[in-house]
């Protein structure tokens, strides 16, 4: 317990988390501090490229094995399955209607790559290794949750529209393509490729992450400010309970597959995190009746900060306790 | 200079819907359109600004100049896309040079 | 399709004043507005371009669709903000779909 | 509030031509204009988007409010620039506050 | 004297100053070279974050003492007081009316953080230490000058509007919040935090500063081109005399407080520099009758280049001479 | 032959080329992956500044000699002359009318700085030295080709408009000014200046180039997709034949002048590459009747990828074979 607290404390006082907190505070105080949209998008391209590339290099070094295949399958199953659990939980805990509940559920089956990146960098600073190919698992988990949510709606007679082109849009959305593409480039060029560009994608990585999280904090803070009091307590509680539940399911999956400690933690983080880029955009097309401010507030305003500050250290401590490493 | 009657249709719509709207417009026989970026706005669904967005979100403004007799076809095409979504449509009377283009 | 009379008010104003203007509009009963970025322009106070700016400077364009009978209230509200500042206001007759929104 | 008749001229033109157009407008006696960025569009010369551009390419929208009696001079000036190029010109009737400015 | 010249020469031929000169030259030659607004804003966020963070780390290493408190108070007094002097000087030297004079005065009480950063990097390249907390003093000096200017106008019966909300806007403007926030993060995470992100905020710092100054040069050059001949000689002379006067007052304050040589020089730079971001925006709201091209030309077109090229080496030489270090 | 293949293979599997390929693939698959315009422009400013600066530093180290002067003259002659050859070739190979042919020809007399940069970085990774001042030759070659094309049109009675101001615009376009300016800064500040900012302009250079080429790939891919089948085979063949021809002429020039192996290869690359920034913008003003999608598709969609993937290794192998180094 003491260790969890000190772990959480160390995490809370890292530049990354403090940058996020600064963003939230600035937004709540209604400062006009803002990161230009183009710069934020540029940073996200950088982060996706770097994390994908490094994952690919790790795979090129360690080779492909059955665990990799199993992990990808586990990712698919989790992304398809978690929305069903989230939907059930929401119908229990919150007063949301079916459409809103399904839309929210889709977000929790999908993932937040920034949470994943933050997790990786916490693992690194504790020198805990993890499987490089989990980046590919992250990519695989982005989209299936959307289909589950649409199926939930269709089943209950709702009007979700699986429009022509939407499927392609979801699968080929920019962040998936960049993550998978950079992963492939890393896997092909290996350590030699990494050496060529490591002073771009490795050394400044954490600093860029700080500025990116500053912007995420600004966005989350602005969202919180405009939503104040509009969501019920049950709904907000869901945004904390679901990641906890997800992380336990993710831990089970990771142990079943035989991942390392670091790998298990990342699997927990993927399961516990919620999307705020790919899924919201898809929902606006496929489920326009769902209220975007509900799912954005939950995913970006509650779950994201929770995972970033308390969740990740908690998942790490739990995994260490359960696996006994 | 000689000018010709036209209608100027202005549609504010969510960015993820942009290509669906322009596809519908093109199918309805529109010969051209212009897309402007939107910084922010306010409406029944609340207030938002560009800076508070990540990913593909946000809105765009699509402007379409057309011959007056095509207005109804265009509005119907646009409306099927806009209907269920956040956004507004307005129409103004305009004049254009080079009528053969529209 | 059925369309309804409306007024389209377009205000070009300095960016630091934007929130003051939109607050005034909202107080005057406006139900929505759209803000567009401006790249540059010219007027009595000289020429300027976006690229020559640092900080929060520059201008924005605020577009507001309203029921015709609300025009005067809106203009008065807008004018108290715009009066002492750089900027222009123009009004055009327009038609809108879904009148209940305005 | 008191408003005055004006014309609102809207010109979509390629970015490399912008300064030539605004110079021509200024020479024709225009007292001001506003330039908006354009994200993309479609016309006889095909479809394009901002993101598919490098360098100075792309288009801009120039908006000009003028006294009605100046319209013809302006259109002629604009047309000499726009003529050979990609782009469209439209004119709408508008009202403005503070007529002395235009 | 010889030494001053060689110092000025070395300064003039550094990549930083030459980049600024390139920008000015390109703008005067009407090249279409331009740095996108979003990129410029991104770089300024980077610079503010880095300079604030490093200042905070320095404080965490050396601890808080009375000099820190005294420096903050000195900053407040200078920012409140310098506009009064500037206003008097303007009424003497220039033909500006009271409104324009007060608006200009506000700029000279406030500070230019880029001038401060350039000063820091010149000190560093000469291995002269300075107090890290002077970054906080810079933040403290941004806003009070605005109040002095509004008071000047109010006293003379002018129509400055201390609108509701304006005070909050001024105090919480983005650059102050980022500077202070990054300072706090640096102070909390200390050397350990710095080690994590130094390859982002330390190593590439000077290079980013070059590109940022290129853009500042473009802006200053464009401003000069469009203002050619519109300002009287007395007004332009003010933009050189005022920084000299300010620097001497700043030197007095620094010596009184007991700052190190580097600290005294930075205090001189803060007093000598003029704002071109926070104050202009506030003036547009509070004093719209004042002509923006006057204060922007003076602050950005005359005082900024003067400080950057001749001012800083001169202040350093003066401080060395007076303190005898 | 074997060596050429292995060279081409190594080149094709470098992170730089793979990033470009990823961009092309994403665009062809109609992914919404996109680099914001401001970020792309920011990266191009960075690349131009870095490459110019490094070239200047090299000159400051090795001094100016007659070869430098001769190289500049050769650059001028090539840029003026190559469009004439390209024009003749186009009239032979393609069905383009005179206006379109002249517009295309202008692009092939001018240069692609990104191809040049890619060439430099391939030479570096093979430890082949080259003359630093070739950056200045690149700058010199940007504009003259435009004049040749306008002369071709004027001669054939076409309506090219050498408008007032156009000449200044062409010569002072942003990329020329930045390249030459950074070159001058590098030459003035020398190794000392480089040391100050090398962790900004040297270390991360290749990584930034990857992301920039990702964007170039996206643009090229989008162009190809929208042009599918609109250009005749002869026209497309021109876009491969012309660089080959150009490279041979460039090799001749380089050997005549007495450049090193690396210098000869860069001269080949300059001659073989086609503009897609400066020249298209000038053509829209001076030759608006020419169809922009023809010249953009050829230059950016065919010649650029050809040079990047096969051209550069081929030019290197040829130069090694001919010079016997």
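As written, the chain order gives the labels A, B, C, D, E and F, with residue 1 at the start of each chain.
FYI, a contact is a pair of C-beta atoms (placed from the backbone, for glycine too) under 8 Å apart; a residue touches a chain by one contact, two chains touch by 3 or more.
These figures come from a predicted structure and were not determined experimentally.
Engineer: Spelling it out: a chain qualifies if it touches chain A and also touches chain C; which chains qualify?
Structural biologist: Touching chain A and chain C alike, sorted by label: B, E.
Engineer: For the two copies chain E and chain A, is the contact made of the same residues on each side, with over half of the numbers shared, or of different residues?
Structural biologist: Both copies, chain A as well as chain E, present different residues to each other, with under half of the numbers appearing on both sides.
Engineer: Pick out whichever of the two, C-E or A-F, is joined by more C-beta pairs in contact.
Structural biologist: Top pair by contacting C-beta pairs is A-F.
Engineer: As a test of understanding: of all chains, whose mean C-alpha position lies farthest from that of chain E?
Structural biologist: B
Engineer: Please work out the Cα centroid separation of chain C and chain D, and write it as a whole number of Å.
Structural biologist: For chain C versus chain D, the centre distance works out to 18 Å.
Engineer: Hey, how far is the Cα centre of chain A from the one of chain D, in Å?
Structural biologist: Taking the mean C-alpha position of each chain, the two centres sit 45 Å apart.
Engineer: On a C-alpha centroid basis, what's the spacing between chain B and chain F, in Å?
Structural biologist: 39
Engineer: What are the residue numbers in chain A that touch two or more other chains?
Structural biologist: 32, 34-39, 42, 173-174, 199, 203-204
Engineer: Residue numbers in chain D touching 2 or more other chains?
Structural biologist: Within chain D, residues 36-37, 56, 92-93 contact more than one other chain.
Engineer: Which of line, ring, star, complete or other matches the graph of chains that touch?
Structural biologist: If you draw each chain as a dot and join those that touch, the picture is no line, ring, star or complete graph.
Engineer: Chain pairs in touch?
Structural biologist: Contact pairs between chains: A-B, A-E, A-F, B-C, B-D, C-D, C-E, D-F, E-F.
Engineer: Could you please specify the touching residues of chain F with respect to chain E in the complex?
Structural biologist: Checking each residue of chain F against chain E gives 36-39, 41-42, 45-46, 49, 53, 168-169, 172-174, 177-178, 181-182, 184-185, 188-189, 193, 196-197, 199-201, 203-204.
Engineer: Which residues of chain E touch chain C in their complex?
Structural biologist: Interface residues on chain E, with respect to chain C: 34-37, 40, 44, 163, 173-174, 216, 218-219, 222-223, 226, 276-278, 280-282, 284-285, 288-289, 292-293.
Engineer: Would you mind writing out the residues of chain A in touch with chain E in their complex?
Structural biologist: It comes out as residues 13-15, 18-19, 22, 25-26, 29-39, 42, 125, 199, 203-208, 210-211, 214.
Engineer: Which part of chain C faces chain B closely enough to touch in the complex?
Structural biologist: 1, 3, 6, 8, 22, 26, 31-37, 60, 65, 92-98, 101
Engineer: Within the complex, which stretch of chain C touches chain D?
Structural biologist: 10, 12, 36-44, 49, 59, 61, 72, 75-76, 79, 82, 88-93
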